[in-house]
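Structures are listed in the sections that come next.
Each of the two complexes below includes subunit A, the first together with subunit B, the second together with subunit C.
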Partner chain A sequence: MSAPRSFVAGLVAAFALAAAGTAGAYHTNFVASRCNSNPPTAISHITRDASTTAALRARWEGYQWAGGCWNDNDVDDSPGDPPGVAGTGGEGGDCSGFTFKVWRESASTSDGGYYEWHPLRFVHGPYTAADFKAGVGAPNATMSKADTSRMDALASTDHIGMIYARNADGSDLIIEAKGEAYGTNLWTRTYRGSSSYGGVRRLGWASVQPN
Partner chain B sequence: MDGPHRVHRDRVDRRAGAAGIGSGAPAGILTVILAGTAVAHRVAPSPPIPVLEATHLPPLLTAAGERVELRYDVFCAEAGAEPDGPCRASGSVFVRPGTTGPFRRLALREERGASEGRFATLVPDSIAHAESGFTYYAVLEAATGTITLPDGGAAAPQRSLPLGTPVRVALGAHEFGRTARASERVAEAAWGSGPGEAGLEQGRNLTPIGGASFDVSGDGTVHVLDEANRRVLRWRRGSRSADAAVPLAINGTLADMALGADGTIHVLETTDGGRETQLLRTFDASGAARGVATIAGRASQVRIGADGAPLTLQQPSGQWMRAAAQDGRALAPAAQSRRATAARPLASGHEVVVLRKGPEIRVSLSGPAGARRSWLITSATPVAEVQLAEVSAGRLVVVARLYTDTEDEFVTLTLGPDGLERKLALDSADWAETAPLSRFRLRGSSLYQLGSTPAGLFVDRFDLEVS
Partner chain C sequence: MLLVVLAAAVLLAGCLGEGDDASWTLLDGSAPGEAVDLEGVDGDVVVTSHVVLATASLTSESKAGSCLEERFAELEAGEEVVVRTGVATESVTALERGGHAVLGCSNSPGLREEGRWCGSSYGQFRSGSLTDPRLDIVCRARDGASIGFVWVEPGRGTRYVAVEQPGYTEVYEVAAGLPVRIATVSGVDVETSSATFEISEHDADGRLLREQTLEALVGG
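Here is the complex of A and B:
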């Protein structure tokens, strides 16, 4: 093997090995460079409108399994993360972390109070999709799917998405952190009819929009 | 799902000598570090963007004597501001009887106690119950901007048709567990990436997704969009195993598909990672790319219209939009919005409008000669989504999902001028997620269902015995 060819081969091999090493610690470093650990702000009430707006702010942002930090520039700043790897430090929540933050819940499962988490606060919250489906935690309760309305959720043991609107054909527009290839956004879904999904409600919505 | 790392790993030359590795390795590592740094620069702060979104559920079909109230929601927040209160907004609806003439302005009032549809206006009966229905659009103003619903505004307003005197069909309470057996299984594939297998997109926090959509050509050939493997699988009539795989340059992401009469494949991508850039990709029967159209709004379905052009369904407006002109050229999003219609033009020459409202499914069907017929279906079991409403041999075929909190099944209703002619219950068979409204196709008197189990996907054919 000639020296130039072996040099190129070695370069490629090292390139591959170094790149493989970075798969476990994704190199956008979004969480490390942009996110914070500030405490949440306790608030007096929650409304479906404000939570809907908070959810809409996350449209077009990324998805990160076990994540919970995003900005609002309408771009996935960590595209192509290896899916299902918690330590990649990419932008976005996962489905349950996104719901936790939009529903303004406490990090303590026994606290049903209202907490505003800044989008750039890195927090996932204590619940998985399966926990939400089972109504685990003081702020959460299961409910009949037929009685759900805006910002209630439809949850399976694998996934949770919040209801934004019901379409004319009966399908739902769901706002959700769907997956690495999808990011966070609004999509038409048919979760309501699927028996693997149940209805979940965040307890304590203010019934009247405060001034 | 594969990142760039896997591609680089595959390029390792195993014949490399130790000396070459020794000299090349530092350069390679440096390259990766530099590349990583370059990527890291992409997360430099960029300015936050204000929120502005509005939604409205259109009353596509209005029953006689029904009070018609148009309701809207508006969501807004200044860039970087925490959304703690309701969006300060106002607006007007512009409404007229029928489809021509001047619009009348109706101011929207705010109902602060409403959990949905906070901005509302009542349509005067003289307009709401006009003989040919009414058309309308809204202009909503908030601190972060102005938004028109639907996108086409006065050029393509929402339309509400009178339900007239519908044929009434009462389904009662659905009895689960009495599903029909398929006439024939026409396609099946195990999950996998090998020949004849269909890919499964699956993550740790993701419902399994596979066989995103399908269609059936006139000769009975089944085409399944195997988006995880970026291809279409084909089963000729009589062949249970896939006998061809056509590679497609697609992203996938719960894409829908429709087949043109000449074998053209239309794939509606639900996301490509960008803002408002849903794409409709068109391929010839061999998989060669023929074009791409950026789709207006938020589309969930692609189907073929009466003239062979692809149509997409926008949600929640419920409007059907042409994605291409008569000559096949892709239309710009604004041109699509200006051609939007509430009715879906079917290949049979009919036009159909569907509205699920509470326990009801309302359907209106206009024939090629203009005669219109409507049905009002009521169900004591909750109705989820209407998957299909098309015509077979002069009969309307509706497929809807009925559900409780623990069970769900599809029901197929064959509807004639005197009411329900046949009802079939079908297993939902939805182990894997597909594009939302793509589980059924109707060809002649055959209904095809895309289903799945943990072992793989299948397509079943049900003979509806419509004559």
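Here is the complex of A and C:
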């Protein structure tokens, strides 16, 4: 077993053991067997189009509390994870980890640069939904919900979803990692109309790919 | 002359016993809380301070009031909040009205953007317990290192929660029946968005009740 893979396997095993009491010993081998700890690739810019593509790659791939890796086979390879239990090693991200990867952020909160994380790279990032909602970190900023557009996000103290499209009735098509029972997918939501939700933007979107 | 030196040495030995915390101050410049003798805890023991406040009495300029207003304006807090001050951290903890969740803010002396608080957390209860300790690693020490905060739900009989830190043990007294917000200044792993806390719980007489290594992941 390579050093990075053994690291990931060890980390997952440690948390799986810690979670075994509350999880009824449920765990899968998805993270341990398929994910890695490879470094991200620093990139020069991000566009909303490319981030939309990245987000759609996670569609159907499941949900894992505190998780952060997935493949692209349109199947939840770890169905039935106990809800809200970290370290069970299942496929998928949670809402904040999914947003972190799609927004190509750094693991360091003071770094506003752009980093491409492979879908199979196990990473959650330092931010919770509450952090995103407050605009914590160099890459994140709060904004008026009225000014939000595609791939901005709507966040509450315990959830975040990214805007895929605006509907004519004022609701939004949101792409989000919703929960163990729902997975990661697109849904029509009325977060915009809820006072619990605020607007959040990933800073530095490029409108078109530079030459 | 030899007698004077010997006398001075005896005096110093009496003043600076093992575990003396006379040199420690808390983040707000105040002295640590009254010293406690905890079974199995050696070296410097620094007792954090805490105050229990009525939510209704809070102003927006106060520590606790600014936390609730800045980060949880759309929520309603329960009747009491606990404000804690440690060596390098401070925190606010309150229940959400109705008791279904706990909310709070975290602070440290390092750089932050706008606002009074560098971090905030919200944790839901399920079957009477937190579903997750709600690790927060966005606060930083003066040297830029990440500081980790989690909630610990004290076990039966616990009066003090002790957390190992580099060179000292930081002690938190249980208050208002709320989960205790503890911190680690050395246990954060930024690469994996995780943190490790070495914790012991003690009763009112300092007897050791339980120990654990809490490994937490950022989630939710």
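Please note the rule applied: the second predicted complex is superposed on the first by the 181 of 211 C-alpha atoms of A that agree within 3 Å, B and C clash if a C-alpha of one lies under 4 Å from a C-alpha of the other, contacts with A are read in each partner's own complex, and residues count from 1 in each chain.
Operating definition for what follows: contacts are C-beta pairs under 8 Å (C-beta built on N, C-alpha and C of every residue); 3 or more make two chains touch, one makes a residue touch a chain.
Just so it is clear, the model here is predicted, and its values are computed rather than measured.
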Touching partner for A:W65 - first (subunit B), second (subunit C), both, neither: both
Touching partner for A:G137 - first (subunit B), second (subunit C), both, neither: second
Touched partner set for A:E180, first subunit B, second subunit C, both or neither: first
A:S149 touches, of subunit B and subunit C: first, second, both or neither? first
Touched partner set for A:G84, first subunit B, second subunit C, both or neither: both
Partner chain(s) touched by A:S195 [first = subunit B, second = subunit C, both, neither]: both
Superposed model, subunit A: greater residue contact from subunit B or subunit C: B
First, second, both or neither for A:V123, with subunit B first and subunit C second: second
Overlap of subunit C and subunit B interfaces on subunit A (superposed complexes): 11, 14-15, 18, 65, 83-84, 94-96, 129, 158, 195-196
Residue numbers on subunit C that touch subunit A, as the complex places them: 70-72, 74-75, 103, 111, 113, 115, 118-122, 124, 126, 131-132, 134, 136-138, 140, 144, 146, 190-194, 215-220
Subunit B residues touching subunit A - in the complex, by the definition given at the top: 1, 3-5, 8-9, 11-13, 15-17, 19-29, 31-33, 35-36, 39-40, 42-43, 45-49, 51, 53, 55, 57-58, 60, 73, 75-77, 79-80, 82-87, 112-113, 115-116, 118, 201, 203-207, 251-254, 270-271, 273-275, 298, 300, 315-316, 318, 354-356, 361, 382-386, 400-403, 405-408, 428, 430, 436-437
Subunit A - residues contacting subunit C, complex: 11, 14-15, 18, 37, 65-67, 83-87, 94-97, 107-110, 123-131, 134-137, 157-158, 195-196
Residues of subunit A defined as touching subunit B within the complex: 1, 3, 5-20, 22-23, 27-30, 33-34, 43, 47-50, 52-54, 56-57, 60, 65, 71-84, 91, 94-96, 116, 118, 129, 144-146, 149-150, 156, 158-159, 164-171, 173, 178-183, 185-190, 192-196, 198-199, 205, 207-211
